[in-house]
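Mind having a look at this structure? Questions to follow.
Letters A, B, C and D mark the chains in the order given here, with residues in each chain numbered from 1 onward.
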Amino acid sequence: MLPWNYGLHWTLGTMVFLGAFYTVLVVVATTLVSAVVRSRRSLRAGGADGLRWRSDFHDLAARDRACRHQLTGELECRECPNGFDCRQCDTHRAILEQRPAPEPGARSVEDFGMTFPLDRLYHRGHTWVRRERNGTVTVGLDDLGRVLVGKPDSVDLPRKGHRLRLHATAWRMRKGRAGLSVVSPVAGIVVETGGPDQPWYLKVRPEQADLRHLLEGIEVRPWLAREMERLQRALMAAGAAPQPVDGQATLASLAASCPEECREAVCGAMFLRP
Amino acid sequence: MDRRFIPTGVARCSTSRFLMWLALWAALLAFGLYSAGLCLVEGLNQTHMNNRFAFGLWIFLDLTVIALGAGAFFTGFLLYILKRKELRGVINSAVVIGLMCYGGAMAVLGVDVGQPLRAWFTFWYPNVHSMLTEVTFCISCYLTVLLIEYLPIVLKNRKLRQVPHFLVFEHELHNLVYVFAGVGTFLSFFHQGSLGGLYGVLRGRPFAFREELGIWPTTFFLFILSAAAVGPSFILLTTWLVQKLARKPLVRPAVFESLGRISGLLLAAYVLLKTVDTIVWLRRTTPRSGFLPAQYYAWKPFGIWLLFVEIALFLVPMAILLIPKLRARTAWLVPAAAMACCGVALNRFVLTIQTLALPTLSFDRFVYYLPSWQETGTFLAVVAAGVLVYSISFRYFVLFPEEREL
Amino acid sequence: MRNTRRNALKFIGGAAAGALLTPVPWRLITDTALWSENWPGIPRPARGPITARFTHCSVCPAGCAVRARCVGGQPVSLAGVVGHPLSRGGLCAAGVAAHQLPYHPARLTHGPVEAATGAIARAAANCNPDAVAALAACNPADGVAVLDLRPGRTVSWTYRRAMGALKNGLYLTAGGVFSGAAVDLSKARTVLSLGAPLLDGWGTPGNVLAARAGFRLIQAEAIESRTASLADRWLRIRPGSASALASGIAAALKKGSVAKAAAATGLTQQQIAGLADELTQHGPALVLPGADCPEAWALNELAGASGITVVARQEAPVPEAWNRNCAPVTPLASVADGSIRTLIIDESAPADYIPWNAIRPKLIADNPVVIAFTSSPRGYARHSLFTLPTAVYPETLEDIPAAIDSPRAAFRLAVPLVAAPAGVVNPAEFVARAAGIDATSALRERADAIRQAGRGVLITYADGRTRPVAQIAPDDFWKALNEGGCWLDTATRPSAPPHLDWAGIDVQPAESRRWPLVAVLAETAIAAAPASPLMTKLDQESNLRLGPGTAALHPDAARQCGVSDGGRAVLETALGTCPIRVVVDASLPPGVVQVAAAPETIDICGAGARCRVLSL
Amino acid sequence: MISEKKPGKICRYGMAIDLDKCTGCGACMIACAVENNVPPANPAATDLTGITWLRVFKVDNGEEYPRKESVYFPMMCQQCGVETPCYLVCPQQAVDVDPSTGIVFQMPERCLGCRYCMAACPYHSRYFNWWDPKWPAGMEKTLNPDVAPRMRGVVEKCNYCHGRWHAARERAAQAGLKDIIPGDYVPACVEACPAGAIEFGDLNDPASAPAQAAKDPNSFRLLATLGTEPKVYYRSKRPWAKRIGDPSQAPGSKETSRG
């Protein structure tokens, strides 16, 4: 098929045949190469985080992908089509317009032995976000997260000036043999880092002020109830002793019942980072 | 302990049970590899093939598994080119099956030739008149394509995809899968066809020789059609089998329904053309070559009954698969699919083994052939390897995306 | 540019890509093919100057003229000599591959071997003939005998002289009822063969085929042998009833009753009478007896063929001195039983194998000394005390007397084309030294004697010329014989052979429950000669001939014996047993087992022996 | 391999085989094996796994005694001239047809051993090396230098003693001739046949024996109806023998005996 081989009869058939064969080879090769090139480009552009979140979100059981408004009962049944990013969600906007303004009074939600102050917004990966005067936001781990993890052995926080992406890994923690990573609730530049010893982990200058994708006010309680069920399922799947689901079970007792070896699985499930 | 590798949201049997299952097939594979090794080291005298039975069990195996493996390319064709979305539920499984079948065929061919080290000569001194050249080129290309198609399934594994590079590459590859599906279809069409041509061109074997349409004998097209018809049936069959083994539904019933219908329609087309071809062959081709059709079936055990069984094995499943009432019932659907698969296997058997067994000269004698244990072992190695690959893929990769929803 | 690892990799990659654009890698790829051509263990044929040399095939008594294609002196292929008056350019299958005999894996090559222990014989250690001679000459009271399987050779004369010199030495031949005569096929119009393999290696194959057109061949045989299938008429007689047929024909010729013969052979009386008529009316006729009815030679006299198709033939001249004090030719049969103490069997020149049960009685009962000169372990080596390996064709230098189908005497040499391996023994030299006579130049002496007699012509193969011997100088004559030539006696007026009185005895193949089958020997032509390994093409890789150690049976017979095609079994006769591989052949009559002739089988089944086949 | 420089004349070498002359002695088979360096059989070989470029069969008319008749039938590659089946199917051009001689020959050093050509050949006249070729110690000295021995795992077949053709061409070249000296090139089987049953010649030369045989009403070709134009003509005066070449006889209601 190439020169330098003796005894080959070149015919029209040969040319057509080999032509077709090599076209196929070229097509396959170019496709492969382009795939490689494109993936390198999107790696540079940090597309990995988006993809990671998308596949993780896709891996969530259908009921865990339930829309926030299904939790509040504003909607009958809805699966979130946007990967928990409600900023482009028209349904969300529409419902918010009808929603009555929150009556003042309740400062925080207390349930299952946890306190969820309502001065802040919550991400479904169990982080909270508080708007500060200076336009930055403070990011921390909510009660459920804190109790689950307890005191981490080590925390690997992003450097100051690091650019956080929404739903990318905000920071990592180690507890025993379990490596945990926390989903970032906002996108922005890290301006200051705290840690487990402080009440917060990160101060971030957000890229956009719009934080509509985070839970707030009346949504917190039903979400919390859901999360407790989810936690119990996670524990059971991880092979922990089944808990009485009578609402009396406190988070502490649940957390205590979580065997060391399956902490990673349980926390991963709760932090939406399997 | 290997839970973190198993896709989320699906239940799999315990690791120990899985390992026992693997061990079972690994043992078979080991035996098979030993036999194959014997054939490679000692030479083909280890087989019971001879100068009259130049081809034996292995070629029959190749033709059959490749016909069954056609499910891979054809499902891909239906899903990506013809946009039959419901087939998304089985495409991954189909790809793995295709990979097993084509890989197995390739491996066996490597043992079957007398000088495997010279296999590349075909690429070097290709004789474009030879169907085998076409086969070699197509099978090697298509195997590459299948590997590429298999790659995303692997990379999507829960642990692997935590490596960002894999994650991204998988995503990009999956975006381009249409190209591979297209190329794969093209290649596989030709491969199936040239496998048919393999025997159809044998002017010296009137039992196999067929009239030419264009540059190819009719068997070229009949093989494509029969493979396309039976491929979906085989996917259906395997999916059903896996469901039974896993003791849970893996795909929506609609998938079975649709696979069955497609299979039925194509079978109908095949039966029609095959009938025409058979008549032309018996009334025109054979007399022209100076033979009498009666001769073909004069030899026990290859009596005329073989022809009728073959016809029945295509007609009956066709009927079942075309009647919606019956098709809807698994008790009918699955046996029908199984029959179709047996039909295509018998068709390949007749074309390979009976062709070689029949004498051509007036003083020839009818030669019997039974594979040696080395041949059978090599055959089993392919089966075992297939089962192993499939089992591992089923446990750690997402072969049936809809499984979680069911 | 800094040399980082990255740069190095870049460079290597670039180099690889660039190399693909040069012929180098592609050329290398194609060259790997050359390697796979010379697969390990495949011999490379030696090269060298190509020459043609002439000799005569001594694989069988026919002695066909041979042109050997030699590469660097080593014969690589043999062919007949076109237009040769005796062999007519013909060469049989065994002869065509005979140049491979020296390399036969079963060939005996070194040292005198004591069969009893397999060890080197004490007496005959390192081939010292005198030692064995002493052993041979011991105790003159008992007989010393040489059994010559191919009489008429110069070697035979040496034996006769040696035995003459020795005290009560005997020179034995197979003898048989018909010796000193020849057959002239060219004269025959009707040939009746009683099971003789006429078209399957009988006489000189080329000569027979050349004469074939001239006569009508009637083959009376139990099975459709090669000759039977090619004959103009095949009479299927009962196995082992050939001599019965012969006496029937004799009776018919004498106008006697043929009823008994008809009953024995299974032919009708008319058929037998018809045969007799054909012999007399479509003469000249010729009756060729098979191995199992030698006495039928006498039929020729009755049929009036004597002196026409069966003629007396005088031997090639021998030196006067040899005739003085040489032992007479004694047929083995006529020797008194138990009279031979030391028997020397010369099997170096293959010929018809005499079954051991015909020899053993002649030896003294307790520990006789049997010395076999042979290159094959299959023949008398199995029965001898001492086995002395001999050179084989084409290593030997010896003469080959005219074959039975040559009415003219002939003298031709089988000349050595390759050197014999060290350690082989020359039988003639051995016996001569044992007897204390000198026979080192016997061949040359005989050639000179022939030259002096001045009769006949010399045919030289290189130039294809034919010249009267009288015109040739003795040295040239000898040289010509060695370089490929043949002396042919002048055609004398055919004279009748010695009278044979008819002693036809009807051998009635007695039915027997113990021995249900009759053994018929096949492939007798190449039985004794150790054939080239390539003969597997004829018997193992195709079904043209019965391979050594195989026996063919009719499917029914096989079923009765409980054996199947390709199965192993044992052939048993009254004389003994031998292992066989069974071939099932529907074309055989059910009552027959066709046994490939070989010393082992000939030893146990003679003419039409009753036998049975036992499955293993 | 195709010879580099072609002789001027275009030949179509063929054979004429007289079945009435053949005595089935097998000299041709042995001569063929000797000429072409075919090794002796492996102990395990049978008539289905052996290598006999030329094989003599025994064919009978299926009758019973006394009407039974048999002929011996030498079979070698029939050198198909049109649509040569083995040539068309070989995936890597290891089979070639020399346009200057019409001889179909195998390049064992290029053969992959896929045996597709054997399946394609209606005459079963192609043979596969199931074993490593082995000669008894010393016998390799008798190998013919004009023919390279084959290795295990490749197909081989009769090529009308192509080595002899080359040698004849060399001799012609030395004699300063463009074409082979007539009669100088004869395959080994033709030379060896004691009965002169096999004749060899150029079908393009009307005087040659095969060309004559082609016109002889008593001669026939095997499976001529396949349209592959075999170049071996068989001749027999026996009416039943003339039908041997007719494929419609092939059911072999008559099971042939040995051979």
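Just so we're on the same page, contacts are C-beta pairs under 8 Å (C-beta built on N, C-alpha and C of every residue); 3 or more make two chains touch, one makes a residue touch a chain.
Note that the structure is predicted; figures quoted are calculated from it, not measured.
A.B. asks: Taking each chain's centre as the mean of its CA atoms, which one is most distant from chain D?
C.D. replies: A
A.B. asks: Averaging the CA atoms per chain, pick out the one whose centre lands closest to the mean of every protein CA shown.
C.D. replies: Central by C-alpha mean position: chain D.
A.B. asks: Measuring centre to centre with CA averages, how many angstrom lie between chain B and chain D?
C.D. replies: 39
A.B. asks: For chain A versus chain C, what separation do you get between their C-alpha means, in angstrom?
C.D. replies: The mean C-alpha positions of chain A and chain C differ by 97 Å.
A.B. asks: Between chain C and chain D, tell me the centre distance in angstrom, where each centre is the average of that chain's C-alpha atoms.
C.D. replies: Once rounded, the distance between the two centres reads 30 Å.
A.B. asks: Roughly how many whole angstrom separate the Cα centroids of chain B and chain C?
C.D. replies: Averaging C-alpha atoms per chain gives centres 60 Å apart.
A.B. asks: If I count partner chains per residue in chain C, which residues reach a count of at least 2?
C.D. replies: 30, 33, 36
A.B. asks: Mind pulling the chain D residues that touch 2 or more other chains?
C.D. replies: Counting only residues that touch two or more other chains, chain D contributes 46, 50, 57, 93, 110, 132, 151-152, 255.
A.B. asks: Residues touching two or more other chains, restricted to chain B: which are they?
C.D. replies: 115, 118, 121, 124-126, 129, 133
A.B. asks: Show me the residue ranges of chain C that touch chain D in the complex, using the header's touch definition.
C.D. replies: 33-34, 36-37, 39, 41-43, 45-48, 71, 74-80, 88-93, 95-97, 99-100, 102-105, 199-201, 205-206, 209, 224, 226, 229-230, 234, 236, 532-538, 540-545, 552, 583, 585-587
A.B. asks: Which residues of chain D touch chain B once you look at their complex with the stated criterion?
C.D. replies: Residues of chain D touching chain B: 42, 44, 46, 48-50, 57, 59, 73, 83, 85, 88-94, 110-116, 118-124, 126-132, 151-155, 222-228, 243-253, 255-256.
A.B. asks: Taking the complex as given, what residues does chain D use to touch chain C?
C.D. replies: 23-27, 29-31, 33-35, 37-38, 40-41, 45-47, 50-52, 55-58, 60, 65-66, 68-70, 72, 108-110, 132-145, 147-152, 188, 191-192, 194-195, 255, 257-259
A.B. asks: Give the list of chain A residues in touch with chain B in this complex.
C.D. replies: Residue list for chain A touching chain B: 1, 5, 7-8, 11, 13-14, 16-18, 21, 24-25, 27-28, 31-32, 34-36, 38-39, 42-43, 47-48, 51-52, 55, 59, 61-62, 265, 274.
A.B. asks: Flag every residue of chain B that touches chain A in the complex, lowest number first.
C.D. replies: 3-4, 7-9, 123-126, 128-129, 133-134, 137, 141, 144-145, 148, 156, 158, 161-162, 164-165, 167-169, 171-173, 175-176, 179-180, 183, 186-187, 404-405
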